[in-house]
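In the two assemblies presented below, chain A is common to both, partnered first by chain B and then by chain C.
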Partner chain A sequence: MKVLNRSGYVLFLLVILLAPLGLNSRWMAVGTTFLIFSVVALSQDIILGKGGMFQMGHALFFGLGAYMTAILNMSYHVPVLWTVPVAIIVPALFGIVLAGPIVHLRGDYLLVTTIGFNIVFVQTLQNNVFNLTGGPNGIFGLDSIHIFGYDLSSQTDIYYLSFIVLLVTFAVMHNLETSKAGRALHYLREDNLAAESIGINTRVYKIFAFGLGAGLAGLAGVLYAMQYSAVSPDAFNFLQSVLFFSIVIVGGSSIPGVLIGVAIMFVLPEVFRQFAEWRYFIFGFAMILAMILRPKGIWPAKFGKIPAYLTKE
Partner chain B sequence: MASNGLILQNVTKKFGGLLAVDKLNLTVEEGQIYGIIGPNGAGKTTVFNCITGIYKPEEGSINWQGEEITGMSPNNVVGRGIVRTFQTIRLFGQMSVAENIMSGRHYKSRQGWWNGIVHTPGSARDEKENWLKVGELMDFFDLRQFAATPAKSLPYGIQRRVEIARALAVEPKLLILDEPAAGLNDKETLDLVETIFRIRDRGITVLLIEHDMDMVMTLTDYLTVLNFGRKIAEGTTAEVQSNPEVIEAYLGSEDEEDE
Partner chain C sequence: MEIFFQQLVNGLTIGSIFALVALGYTMVYGVMKLINFAHGDLVALAAFVGLTLYEQVLGRSVSLFSVIVIFVLSSIIIAMVGVLLERIAYRPLRDAPRLSAVVSALGASMVIENGIMLLWGARMRFFPADLLPSLSWTVGGVVVSFVQLLIFVLSCLLMIALYFFIDKTKIGTAIRASSIDQDAARLMGINVGSIIIAIFVIGSALGAVGGLFIGFYYRGINFGMGWNYGLYAFVAAIIGGIGNIPGAMVGGLLLGLFKAFIAGYISSSWADAFTFILLIVILIVRPTGILGERVAEKV
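Now for the complex of A and B:
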């Protein structure tokens, strides 16, 4: 099973690595979207899947990262590369500050609160606050990113940048699984009272999950802004948050599950494009079926990954 | 008063109009196996919840090794070396036995939150040390064969052992057991008694609630009997057994039986 798992990852990474050779421009765009949204969905998984917190405002952090890059680049002429740390740290701080007063809320109450945050965010963007956000049309005409003197503006460049960010996200997810902080999230999701009674400061780790999830989503936001050289409020509205939420639930809180979820939500509708509006009809039924047939998700998270030296005599 | 034990003074907990615990005083000395017994609804578990920070008592103080711990949050109480188990077993059901026990290492682990994002050589070493500690505990409780088994799929008696192992992983000074023999068969109960003696031999003070009177009598050094939230007797097992008020609370008075 372990060998199968590892070869699965290698195969997946090879396909992603070589895909640009055989893809036309339209499918390259789909591929890039898949990579970027995978990062966002995995960051949502930290909060929703691992921490078990029903958060439905994740597009807020994604959008915040994208807008940070856009505003700094357009209004203050900061090179795109230098906006990256800001686009990670500002959403992370927002995540921490917003989560602080609400993480003690139970399931559905937290859900409603985070939806509220998302709506406020989109309204703020549309109202062109401080003349920075560009109103309902957003901001367009961003510079491309320059790294070591190379101008990375082509579709393929953005694709591979997104691929690197996805690899970084995989590394973070792996570290989280094999560390005290990541396990603390699993414990508090399974039984909050038992977790506290064994010495885990659940509040701190819940806020940590929000900070980390928001920071990663912000990083993905930079890629999104670069892909289109533009940002607009509609891309980060409540419906996007619902999609990210559904991906984690339908996929099942595991890396393969989330990736399958992203493929179903964002790639499959592209495949069925000729069916026009019918594709969302089919897609809705696919979601219902998935939940009835596999209530824990298409590829549920597995536990019991303990070091080998513990089971060997 | 400086003491190395646990001292409860006038602890009172109300739920609305109900007085669950009424001006309770008790002193647990270091190294004791201390029992709290009483009929159902006597407020025993409420006392435990007050000590471990799940409830905040309305009145009174709880002092542990010379430090006031009244109203501390549960995780801070654990930080002071007090760990509990639950009457209804509360394991992390989907997770394996080893992972459950590992949760007890949380407080002792030196990893920071940033190690959840990047590991350093130090945090990787810390991770391994803690897993090896989990291995030792699995040997102590004879659980190694179940290391990778999900906790909820195990029989009740083994789940109990896992829960106690998880509590011991914290390396506590005071272990609080809430009805550890509930739902166990006779053999499992005997094993449990032996395990509790072995835990005490490691220098851990044990405070427990129990219904099984035989077990309480063989196990405990000192007893407090609660009824309707009040202490009606305390003493060694022999003293308590001969106390008429205790007999009445447990068996009903002779008058009642005549009616």
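Now for the complex of A and C:
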């Protein structure tokens, strides 16, 4: 099983690595979108799947990263590369500060509160606060990224940058799985009270998960801003958060499951463009059906090396 | 002071609508512990069904009879859709993990919202202006229209009726029992399955009335409006204390007033943000809402 799993990852990465050879520019753009949204969905998985917190406002952190890059680049003429640390740290700090007072809330209340954060965020952008966010139209005309004298502006460049970020995300997810923090999150998700009574500081680890997920989403936001060289409030509204939330749950909060979810949600509509109007109608049915047939997701996550006879209900 | 009283009137109108819709959320949450995300879209569907009844079935005839037919038939149709929704999307997931039911609810919401778009088109549709008398009275500079009065009075009557139904009748007692403890209710011989159907019938029908009020009051309706009203109504239910029926009524009216005053004194483009800031503050300070009781989480 493990060999199969590992060769699956190798095959997937090879396909992603070599895909640009056979794709035209439209499909390269679709591929890049897939990579970026995969990072966002996986970072949502850290909070929702690994941490077990019902978070439905993830587009906020994604958008914050994108807007940080856009504002610093357009209003203060900071090169895009230099905005990257800011676009990671600011969303991560927001994640920590916003999570602080709410992580103890019961599941559904947490869900509604995070929806609220997302709505406040989008309305703030739309109202063009401090004349920085560009109002409902957003900001457009960003510079491309320069590294070591190279101008990375072509679609292929952004594709590979996104690929590298996805690899980083895989590494983070893998380390999380095998580290103290990952185990702590696993226990507190299974049973918060039991985790607390064996001495896990659940509050700290929950806030940690929020910070980590938000930071990664912010990094994906930079890629998004580069891909479209524009940002607008509609790209980060509450519907996007709903989609990321659904992808993680339908996927079963495992890496393969989430990737499949992203592919279905964002790549499949490009294949069936003539049915664009039917997109969400069909997705809605698919979500209901997926949950009825596989209540734990299409590819349920397994944790660590716990023998099967111990995890059975 | 004129602005104050005018916004008071407007706030009570919109608040009554929020309250009616919030009742559906709070009853479903009380018994099933599930946020019925599709409820808001049932509200939107009701407005479209009502408009189609008027245009196709009643042949655009303007009379008191038409109005009554629209209200009664739409409520019945939406109640049936609500029962169908429960049967398809929620009943198979009763023993599944919590989040599976949430995603199923989100899926159901997408299906209804986009179903409306596919059936009726994406553009705005308008309720007839002359179906209800366009009377209005001016009291000391404050304008009160007939529609506003009707919405407020009818909502209050419905809520009082519901309150007595829940408080005094046998079915109402069974609903309250099921929302306190499903297993214990089952041991007392209550058929929780039929109670769930009952709350979907009542909740959806009340939501349908709310949807028609939106049509008569604002006149313009579109397929996406369900999310908005649904979200506001859900916030109202939480503010009042989710699962608590009088709480939903109080929460709805308070939220309507809050929104109207924000629109009147600050700016309507900030109304959503302020509403959710209020919600977040309330959840942090008093997570059980205004009328909710503090319930220890089950271990």
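Simple rule for what comes next: the second predicted complex is superposed on the first by the 304 of 313 C-alpha atoms of A that agree within 3 Å, B and C clash if a C-alpha of one lies under 4 Å from a C-alpha of the other, contacts with A are read in each partner's own complex, and residues count from 1 in each chain.
The definition used in the following text is that a contact is a pair of C-beta atoms (placed from the backbone, for glycine too) under 8 Å apart; a residue touches a chain by one contact, two chains touch by 3 or more.
Only a predicted model underlies this, so the values are computations on that prediction, with no experimental measurement involved.
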| item | value |
| --- | --- |
| Which of chain B and chain C A:Val271 touches, first, second, both or neither | neither |
| Which superposed partner A:Leu18 touches (first chain B, second chain C, both, neither) | neither |
| Partner chain in contact with A:Gly116 - chain B first, chain C second, else both or neither | second |
| First, second, both or neither for A:Asn127, with chain B first and chain C second | second |
| Partner chain(s) touched by A:Leu193 [first = chain B, second = chain C, both, neither] | both |
| Which superposed partner A:Ile164 touches (first chain B, second chain C, both, neither) | neither |
| First, second, both or neither for A:Phe303, with chain B first and chain C second | first |
| Contacts of A:Thr202 with chain B and chain C, given as first, second, both or neither | first |
| Partner chain in contact with A:Val172 - chain B first, chain C second, else both or neither | first |
| Doubly contacted chain A residues - partners chain C and chain B | 193 |
| Contact set on chain B toward chain A in their complex | 52, 54, 73-75, 78-79, 83-84, 86, 90-96, 98-99, 102-104, 106-107, 109, 111-113, 115-119, 123, 127-128, 131-132, 134-135, 138, 144, 147-150, 166-167, 170 |
| Residues on chain A engaged by chain B in the complex (per definition of touch) | 172, 175-176, 178-184, 186-187, 190-191, 193-202, 204-205, 208, 212, 303-304, 306-307, 309-311 |
| For the chain C and chain A complex, residues of the former touching the latter | 29, 33, 35, 88-89, 92-93, 96-104, 106-115, 117-118, 231, 234-235, 238, 242, 269-270, 272-273, 276-277, 279-280, 283-284, 287, 297, 299 |
| Contact footprint of chain C on chain A as seen in their complex | 54, 101-102, 105-109, 111-113, 115-117, 119-120, 123-124, 126-127, 193, 242, 245-246, 249-250, 277-281, 283-288, 290-292, 295-296 |
